[in-house]
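Two complexes come next, and they have one chain in common, subunit A, joined by subunit B in the first and subunit C in the second.
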Partner chain A sequence: MPSIAKPIATHPTLQRNALGLTIRDYEGSMSTLCAGCGHDSITAAIIRALWELDTQPHMVAKLSGIGCSSKTPTYFLSGAHGFNSAHGRMPAIVTGAGAADRDLLYIGVSGDGDSLSIGLGQMCHAIRRNIRMAYILENNGVYGLTKGQFSASSDIGSKSKRGEPNRMAPIDPVRLALSLGATFIARSFSGDKEQLVPILKAAFTHRGFALVDVVSPCVTFNDHEGSTKSYKHTRKNTLRATQADWVPPQSEILAQISKSGTTSVAMHDGSVVHFSTVPKDYDPTDRRKVAAYLDDQPANAVVTGLLYIDPNAPDMHELGQSSPTPLRDLAYEKLCPGSAELERMQEEFR
Partner chain B sequence: MHDVLRTRVNDFAVKLANVNGTGSASANGLLMQAIFRMGIPVCGKNLFPSNIQGLPTWYEIRVNKEGYSARALDYDLMVAMNSQTYDRDIKEVRPGGYLLYDSSWPLDPDLHREDITFLGVPLAELCNQNFDDPRVRILMKNIAYAGAMVATLDIDMDVVNALLEEKFAGKKALADSNRKALLLGYQYAKDHFECPLPFRLEKMDANKDKILIDGNTATALGAIYAGCTVAAWYPITPATSVMDGFKGFCEQYRKDPETGKNNYLIIQAEDELAAIGMVLGASWNGARAFTSTAGPGLSLMNELLGFGYYAEIPAVVVDVQRVGPSTGMPTRTQQSDVMMAAYASHGDTRHILLFPANPNECFHFAVKAFDLAERFQTPVILMSDLDIGMNDWVVPRLTWDDSYKPDRGRVLNAEDLEKKIGKFQRYNQEDENFVAARTLPGVSQKGAYFTRGSGHNKFGGYTEIPDEYQEVMDRLKKKHAAAAKFIPEPEYVPREGAKFGVIAMGGCDPAVREALDQLDRQGTPADYLRIRGFPFGEVVERFLAKHDFYFVVEQSRDAQLRSLLILETAVPKEKLRSVLVYGGFPLSSRHVVQGILSQI
Partner chain C sequence: MPQYIRLIAQGKYTDAYMVNRESNVFPAILGRTCDRPCEPACRRGRLDGAPVAICRLKRVAADLKGDISHLLPKIPTESNGKRVALIGAGPSSLTVANDLRPLGYEVTIFEKQNKPGGLMRSNIPSFRLPEKVLDDEVGTILDMGVDIRYNSPVSSLQGLLNDKYDAVFVGTGAPRGKELDLPGRKDTDRIHIGIDWLESVAFGHIDKIGERVLIIGVGNTAMDCCRSSRRLGGKDIKVMARRPRGYFKASPWELDDAEEEGIDIVINHAPKRFVVENGVLKGMEFERLEWDAEAKKSRVIDEVFLPADDVILAIGQENAFPWIERDLGIEFDKWGMPTVDKATFQSTRPGVFFGGDAAWGPKNIIWAVAHGHQAAISIHNHCQGVPVTDRPKQGSNLVSQKMGISEWSYHNDYNPSKRQKMQHVELTKRFQQLNIEVELGFDPEQTAREVQRCLNCDIETVFVEKRCIECDACVDICPVQCLTITRDGEESELRTRLSAPATNLEQAIYASNPLPQTGRAMVKDEDVCVHCGLCAERCPTAAWDMQKFDLLIPYAGAPNSGVSCTTSSVLA
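What follows is the complex of A and B.
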């Protein structure tokens, strides 16, 4: 991924956030993806969400695997450390990085090949450990960099560019995550910024594993007639289950379902996510009801929204009872028992 | 005549043949520990199956007042507790030796040997008469044969009693039944045999500054002293006890007195692909992190070891080698991961390896591994093996220098970055060891860079330009070579009149040393070099220029250390001959002496 630097000139009237930064400060180098690629829209949404959240760029670590989607961390937040790992291995790298420093915001970007084939095991186990990260799955149903093979998220009957239909059932990351006990599950569409930005803001605030599956059409290999991950097909079949709205930290707001059908969920940092649910009585905090709702939708429906959330489940560090100070910051003196103790404890080895 | 007939003090070997899963390990360990506490040089080797219950297992105890601690293949006493293996166990007793068996059942007359003495102890009968619980009867049979051995070998009963007391402190019922069983065997032997046998024990004072420890425990302790806070692993024999040990020490030393929280995090990964990924992630983010594994796990880790090498991320991997290829023999020992470890992963890669020879070195090399990994920003593999890792060794007490400070390598902090003019360039401005400074996430925007396994130039940017790619690759090669000065020097043991050299690494050391003494006595003196790490340094090169030929003693079919020497030093390959013992059991001096004499 050759990187092309963007000019740093900014317009004086550009709006600044609480840190005094403009949205340009959250950008990365120029994208080298195909013109019109859905991934670039997701990158733009990530940039906006981070800017709106007043995120300090250096407090973010952005990681990815291999594939078109995994190139994108270079295209946003050049002030953050990036890590373009090996194919399907990003979750393990984030797990280790998160183990070392629990205070950073970890953004993992992956694709359907990276997540649902070669890295399926790692993604599942990152969910199981409730690693604190936003896991953005840029889902286009196709292997782009190797030129058009079906991926594990290709729908039955979806046609390749050459007209060949896919015959195997897809792996649906949302259903998978729901069954694995993920604590934050969302799906959106790269073409729907209005929905995606608040979802990303909630995901970045979530203290645990936040899966954001984003249908992101591949304009070169999977945007034709007969594809079920094309712009046209996705626009036509999107079914909004919820519209999330992220509200900055406030005090004393608890999760509740109001009579009007709006749900408010308090996040760990005191911020609140409001759900205006389109279907009546949709409850994003009830795993069983969410599963039942998904079951009831037509086969070709692309159900979107922040579909499930449990903001209070313990993450890896809480499960491991580990130090509130990041492990990497503990002084060596605290970690080494010293010579006298070595002398003493060796009596047990006699 | 058979020299066993002469009285021998503190110089004999015992082999115990058991069925695994019946509790024999604690009885055998008790005997070994009792001899150790009597101040006598002793070594114990557990030759066990890859199984939980029901298969043959052996334990060997060699006592040697000179301190030789390799396996002895001549058994003066066989404790035959497994009727499935009577046949071969009886054959292994040296002429004039003894065989102790459970005479509750008659021995097949076909198995009789005229040249050895059979000592029948009705162990099952004794235990059935004295204990009610069927499980206890089986367990106590082991302690009963230990009791018979206390009598026949003159093991100090006070020492054994003290050990039982420590072991069962607060568990009176258990302590009582163990003592009772011990006395049953002891008294029966005293009443029926001439005790002690012609080979016996006598107190010495050789172990005052020694401990009895296995290599995996010592490795884990090294990780604690190195200040490691993150560990990720996948269970695998024979490496599992490294992490068991680490967890135990963490519970003991790493619970924060102020917060009550854990100053460590151990992650049981879904596989070794993930385990090494977690270690790289944590190290990239500034924690000291390690994983422990064996050959099959190291195979899986190849991919990300190459990543760590190319992207220059520290990682410590403990490889407790076992018999390969494939699943091989998980509970048997070998040194057959050397070539894979040296060049792990596709592309041009080379790694730093450390070869500890015993648990004492496991402790110190584990610490060294973290220092090297961070100084050179690269994976370091500690090449232990099952023999070192899982057997109890008598080694000098571990010592610690409180002035030790971890070598965290070149890491720029916020202040450094603030002073920096211009953009931080990850792989530029290397030091005299060809190491460039790195930065950690979460410190400063000025230190931000992109870590990647794809082609990159010295600025850290993506590249497909041949010169830019090669510039980084060439520096990496020089960096690896520069590490030679920092790895533990080989141990060089010269000998007057030596006509050739012998080279070994790791757990071959005790057998080679003993063999070299024997060869010297026979008029064939040889110089010895024990290699303790890779890349090889000056000392290795000089040694290889000294003689016309050398023997490389190692535990692999394909002579992997020899191969590495041929590839990485100037030595012509015809100068290196091999002595190879790779069936899975630790070697003895006899293998080495015969292997050398048959080739000169």
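What follows is the complex of A and C.
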């Protein structure tokens, strides 16, 4: 634990966004994670992305399950709503919250244990329903809170701190999401905010389920030689498939696909995700091509970037034809038509 | 400074006083009267616009200190056989005596007045600097066994040199107030030279003034003149300034203090002539000026007459050395100023040194003290047969302040308190006597708040690049966006792409060697660092550390000693 809370002193040139808020207004409590944890860096990236998007803090709900990663919503945006659920059950809570209030921005923060072990079924169904949320998977390949056992995302051959290699095959959240029909799939690295911040901005704007798998080294249990989720290994083996830039609405809309290997995808709210340094023939809107590209890369490559996007797929509300008015704004009489109406409905099924 | 501020915070006033006394031999005097050249440099001012009240804290330590006699340097009972003459008992000469007596020099001071202190006594009114405070600190030095000769103006340097002193130090100040040669100047005895008038007040020769007083000039001497007039019967007192506000020489706080006492500060008035009828001063005529935006060029709008019973001229002062013969090998320039080496303070005649205002014209007390220390080194060298240019070097120490995990030897939190305001004696009471000290000093609560405003700038962030794993933890935690990990580049360009733009060009930025994993550099803009130590606390590899920097200032006969040695012994 740090000796003091972050001092309230600020740089004299500290900028304000369109709401008149500084980036410090998007912070939360002091982190109690280990010094140097990748998760803290992701927290800082979330803070920056929300500040740059001029997000109103009270229009955000941050939810999580159990684990080091799931502690982090406390460390950003104190002015937002929050819910810390049972282990692996965060997607169900978001589904319910999203059904009741479709106007909020839902940010789910999870880890490899919370998402790929105990909560795997929950995550799969959130993808299937295309719940409108940003799902940030802080992936360190290790169970940090229980002293460093291999997790479901540990690579074959990656060594534990004691030197034992992992023998079981990992679950790759990116390929899993691709196969389940996820509509926004990205992977990044906690140590690369230049890439991560624009991806988060795009994820926060996406109308549907946005998976952001972030390699986030565990400095205490998984940052040694032989680990495939260390700062050093990730930096050495990162393969930036795409660099995505989120361009706000009202900005110039670029050509859909240009010859120079850049691609632009219009988002539902009028913003644009502009892809650059895309490999030849890489189309981030073509699920099969993305899967083929991933198959072609070396086994140890950490492929990063906004890898797949489908901004037009229907989300849970469209699929369920739910009320365009958030349920929280409907009158009680409308939400609960009374016992007479219940009686009538039941009659229909007799 | 942070060192003695921390000691004040711990209630160790005597220790704080002694740390301060190492370089600044008059903490109680300067804690009341200093021009505060240190405060504009204080980093706190860059954060909330107001520097730490360093000067006021100095006074707290001085007022609350205990007995210091056992902490002062031991004075040898035997002479080292060398005799040094100091001319004038002002701050520079007293500092020379302070540094040379512990080395066994026989020190003789020649003073024209019947009391020591120089301009600290004659020009600083007792409502700002009580006589007892002055006597205490000057007495500490004289008690080191200084042979002081009062009522002994030196009328001939040649005569003094004939007495075969091993070295002579001239600390006679800038004793001549500037004249204002306008029509009517010589027709009355009610026009006074500011510094002479203040001296007459200080020594009790003048105890009243007319009701309507005009002060010409708007420097700190003018402030002392107008406030003294207020206590000697002046009712309608105007300080007449040629230029607009913002171009005054007086310290802002001295202007505030004067205005609090009902003094009028009248801008854009240029003196034209004194109006004297039948030998009686009636007042003065002024030209009213209109200035351009930068207050460089002016034009006359009209002329006005202001009535006055007395006029005090406070338009500056200058040096005068009528008592130094011009054939002694001491060169003077065409303005009558001696040629003095900036580093050694030696004149063109070996063995004759100048310091304080006597060297290069009016500055202030703290500069006179600094001159005294340097001149003492030169005199010591000169008397020991070492070239005066052979000066002891400054040293430094850098020591980690880590006491444990997330634990430091200093209070690292940032305190958002505003600068504390000095309380003053009520207006109704303060004019009853000339010597009622106006400033009450900080009370314990104010002191407690003010010391916590200090940002501990001597405790520096030290970075070891080979340990860095570029996790960004330090960059993310820094409250004032000091840190950036980025590719290195040319400084002017690098300054523009940091976490926050580095716009203070006087503050160098730090860029590390290439970091092990990416080859980028860790860049720090120190400009508004609050030394909270969170970068070091959140660093998983101890690449950052908080280390205390001690500047080891050499003094005469004590090379490589200085502040730090005393500090560590005080702390031990």
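By definition in this document, the second predicted complex is superposed on the first by the 316 of 350 C-alpha atoms of A that agree within 3 Å, B and C clash if a C-alpha of one lies under 4 Å from a C-alpha of the other, contacts with A are read in each partner's own complex, and residues count from 1 in each chain.
Here is the rule we go by: a contact is a pair of C-beta atoms (placed from the backbone, for glycine too) under 8 Å apart; a residue touches a chain by one contact, two chains touch by 3 or more.
Note that this is a predicted model, so its numbers are computed, not measured.
By the document's definition of touching, neither partner reaches A:Gly113: not subunit B, not subunit C. Once the two structures are superposed, subunit B and subunit C can be ranked by residues of subunit A touched, with B on top. In the superposition on chain A, contact of A:Ala99 is made with subunit B only, not with subunit C. By the document's definition of touching, of the two partners only subunit B reaches A:Thr74; subunit C does not.
In the superposition on chain A, contact is made by A:Arg235 with subunit C only, not with subunit B.
In the superposition on chain A, A:Pro57 makes contact with subunit B only, not with subunit C.
The intersection of subunit A residues touching subunit B with those touching subunit C, taken from the two complexes, comprises 1-3.
The touching residues of subunit A, counted against subunit C in their complex, run 1-4, 6-14, 24, 34-38, 40-41, 43-44, 190-191, 193, 217, 219, 223, 231-232, 235. Against subunit A, the residues of subunit B that register as touching in their complex are 36-37, 207, 211-213, 221, 224-225, 227-230, 232, 253-254, 256, 259, 261-267, 269-271, 273-287, 289, 303-304, 307, 397-402, 404-406, 439-445, 447-454, 461-464. Remark: subunit A residues 1-3, 57-59, 61, 73-74, 78-86, 89, 91-101, 103-104, 121-122, 124-125, 129, 316-317, 320-324, 327-328, 330, 332, 334-339, 341-343, 346, 349-350 touch subunit B in the complex. Every residue of subunit C that touches subunit A in the complex is listed here, in rising order: 46-47, 406-408, 412-414, 416, 469-473, 475-477, 479-481, 500-501, 503, 517-518, 528, 530, 532-534, 537-541.
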